[in-house]
Amino acid sequence: MSAAAVPSGLSRRGELLLSVQDLQAYFDTDDGVVKAVDGVTFDIHRGEVFAVVGESGSGKSVTATTIMGLQPTIRIAGGSVSWKGRDLLHLPEAEHRRIRGGEIAMIFQDPLTALNPVHTVGRQIGEMARIHEGLSRKAAHERAVEMIDLVGIPEARKRADMYPHEFSGGMRQRAMIAMAITCKPDLLIADEPTTALDVTVQAQVLDVLLAIKDEIDSAIMLITHDLGVVAGLADRVMVMYAGRQAEIGTAAELFYQTRHPYTLGLLASLPRLDGGDDEELVPIEGSPPSLINVPPGCAFHPRCRFAELPGRCDHERPALRSVTADGHVTACHFAERLAEVSVESMRTSAAPEAGA
Amino acid sequence: MFSFFVRRLLLIIPTVFFALSFLFALFFVLPGDPATLIAGGADRVPDPGVVERVNERYGLNDPILEQFANYWKRTLQWDLGESFQNRRSVNEILGEKAVNSLRLGIWAILIEIVVGISIGVLSAIRRYSIADKLTTIVTAVASAVPVFVLGFILQYAFAVYPNKHDWPEWMHLRTQGMGPDTWAFFFIPTGETWRHLVLPAVALASVSTALATRMTRGSMLEVLRADFMRTARAKGLNERQVIVGHGLRNAMLPVITLIGVDFGTVIGAAVLTETTFSWPGLGSEIASSVISRDLPVTLGLTLVVVLAYTVINLLVDLSYGWFDPRIRFSKGGKQ
Amino acid sequence: MTALDVVAADAGPASAAPARSLRGEAWRRFRRNRMAMVGLGFLVLLVLAAIFAPLITKYSPIERDNSAFRAPPSGEHWFGTDRVGRDMFSRIIYGARVSLRIGAVSTSVAIVIGVLLGSLAGYFGGIIDVIVMRLTDVFLAIPYIVLAVAIASVAGRSENSVILVLGLTLWMGLTRIVRASFLSLKQLEYVEAAHALGYSRRRIMFRHILPNALQPVIVYGTVLVGGAILSEAALSFLAVGPQDPTPAWGLMVSQGKGDLANSSHLLFFPGGAICLTVLALVLVGDGLRDALDPKLS
């Protein structure tokens, strides 16, 4: 695959921060090589919200933790990750640590387990400032109070001295956000930040995240399995399947000019608020493949309604290719045929329209 | 925190009460004729005159309930009676022996904490390394060797063998008794005393150190997988800061409980160690009082041991509250 | 202990095989653990040696050879002879009978007490739970060697009284483990389903919950046999265990303690027998734990 030659979603927004080219990150296990990330290419620019969507096990979290250097057992089989022009994959550990937390900060899925139960929230937030800015214990505490206030937790000074288990779920996630933004990072990676939360507080937490992003002028890489979350928030979206990149483009392109059957399947399985009573949700049949034994050709072909079998789909792995000039990229042999298919038609017609 | 303390303190009372009542019943109610037991033991036939005198002296002709009440009355006044063997008051024996047991115990627990925890943590961090595998094997072996057998191995290796082979004098360690009994700051041996202390302290520490090592290793391995450790790394902390600052305290939680519960094992091991090394402490005194059927001494010293065990576990529970804020608040109410 | 939840959760999509193979899977993992297999092999040999003791050694464990006191190991007496001329090798082999019998029977006693009290406390909760937990506290508050010595000094020095003593002093840990298992298991859906189907409480307790609570009991019980053998040796050493002609390992160590300097074989053979047996049990226990609960390994 010559991924380097592929345009990877142009953006006219801001400075180029992160550039991932054809990243291949594998785990060597007793049972075989797990190709957790297998050829992923994207850029993130300052100011944008970049969403990564996929089922669990699609490689979206591993992509993020590999960028962060939090996967000690991973083997980088190919590709590059460049952060503001510096090669992140081959950076000395000490320098990588300075970027980690300072320039790229991460927010995890379950704030209860991701916060240390035996330290106060204030101390955990302040620690960020202590290690990256060398603040004194007292100054760090002041900063922590400021940050807790910034993410909209009332009585910040009192809250700073409390422990994670005394916070509600939504407040814990706000505390995680406060911790992540303490050093005003350029990129916030949020890994399923609302999955563990009640539906009612999900929107609040996302709002905080967006407001903060503008406040500190950073970018957000939002990892989620929920296309619904992405719809209102993301500027650009990357869909992943079985460790591979399926489609990447602006949110509007993905939703209205879908060019990958998997994305289409995800959309069809999404409930719509404006949908009629008779509207049916169509699940994608089958289950995602094991990352040790990815199907030959296109990884999605066994579940794809549009696959030509036998044929190119189960023999040739589709290359990433542009469908528009400004960076809408897909990995489907028959992307053009999808132009005629709408999500509605997916829902109404139970019978597969092979070849469209 | 305060109400937690009070509740925990109140819980001690029934525990100690029933424990001692159980021992009282064991000695005074079950055997049928305690006087025979006191005067001679279950397997021997004592002189009838002696039995009569014993009955008289201990009020054993009184109804059981009255004896029971009297026993508690005396105990609450800290009147532990006197030795049947040599008429020394139990309090006096206690004062003399408890100090020595305490000294031995302090060293054993220091070894347990320092060696057990540090090796356990290192072994977990360097999992699958040769040192880790060695630790696993050594701790398994150490937990399988009876304390007194280890005592004899140590005696052979560090006293008998060097003696036979004329090793230089400074390398000889002693195996019997406490030596000149000279101490600085209560527990630091001076002069020749250290030669007497080393082997029993190591023997006494062996089993619980092995347990603490295994426990620390297991608990640390669990913590290393925890989400908050990943958060700490994501903050940009280095590995040492992650492990010391975020891992250690969490990994210690189960170990602290173990050290408290394990204190019972330490006392059991102390009985054997002190007997093996003729260390003049509570343990060897309890063992010899049981063998010589010196009931007041057995009961009195056991009372002290039960109290010590309960108080230590109380302290452990309280320190647990300090280590784990979740306990502090959920059980004690918010201040 | 939520070992069972872990196992259940672990047997996720990857190994959604029928329950039958769960045991086979555990055995496969156990076999891969070399140390545990060595321990198991040693135990099998020891049991065989104990059963066929008369075939292995020509000497009686209690007959005295008046021509050889404290003889060092030789071709005639493999492990030497003791202070009254008894063959040490045959005493060790016959001693295995004593140790294994005491270990197995007293552990069984402890398991019966522990499972009964633990399941009652865990299943019914409330006042029963409070009483059982206080009772374990009381027994834990008396250091068990002291308790064992105290009971033994009253009960006398027969093998049966040692078994009784050990059974009565080793049940507390099991009670806690079984109680914890019951607490977590009784909230699972299949138990609620059994309630909804109108099964009797006794049936639910013993037919539906107990079998699933047994895994930690098996692991702990294995290690406990070793603990019982250690305790028996300690009681013998403190002269409240089995009495003289009985070839009990702990008693032999105790009898040999005066001979450390000159006839050290009198200490090291019985001492070694205790260590190896307990070590084998610990290794098997470790192997079982890892095999039944792969996540902890």
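Just so it is clear, A, B and C label the chains in written order, and each chain counts residues from 1 on its own.
Just so it is clear, a contact is a pair of C-beta atoms (placed from the backbone, for glycine too) under 8 Å apart; a residue touches a chain by one contact, two chains touch by 3 or more.
Bear in mind the structure is a predicted one, so any value in this text is a computation, not a measurement.
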Query = What kind of graph do the touching chains make: line, ring, star, complete, other?
reply = line
Key: B-C against A-B, pair bridged by the larger set of C-beta contacts   = B-C
Query = Centre to centre, by mean C-alpha position, how many angstrom separate chain A and chain C?
reply = 53
Request  = Starting from the mean Cα coordinates of chain B and chain C, work out the distance between those two points in Å.
outcome  = 22
Message = Suppose each chain is reduced to the average of its Cα coordinates; what separation in Å results between chain A and chain B?
response = 55
Key: chain C partner contacts - residues on chain B that touch it in the complex   = 11, 14-16, 18-19, 22-23, 26-27, 30-31, 37, 41-43, 137, 140-141, 143-149, 152-153, 155-156, 160, 163-164, 218, 261, 264-265, 267-269, 271-272, 275-276, 286-287, 290-291, 293, 298, 302, 305-306, 309-310
Inquiry  = Quick check on the complex: what are the chain A residues that touch chain B?
reply    = 65, 68, 70, 94, 97-102, 105-106, 108, 110, 113-119, 127-128, 131-132, 163, 165-166, 176, 179
Remark   = chain B contacts chain A in the complex at 226-228, 230-238, 241, 245-246, 249-250, 323-326, 329
Key: Residue numbers on chain C that touch chain B, as the complex places them   = 35, 134, 137-146, 149-151, 153-157, 226, 230, 233-234, 237-240, 250, 253, 257, 260-261, 264, 267-268, 271, 274-276, 278-279, 281-283, 286, 296
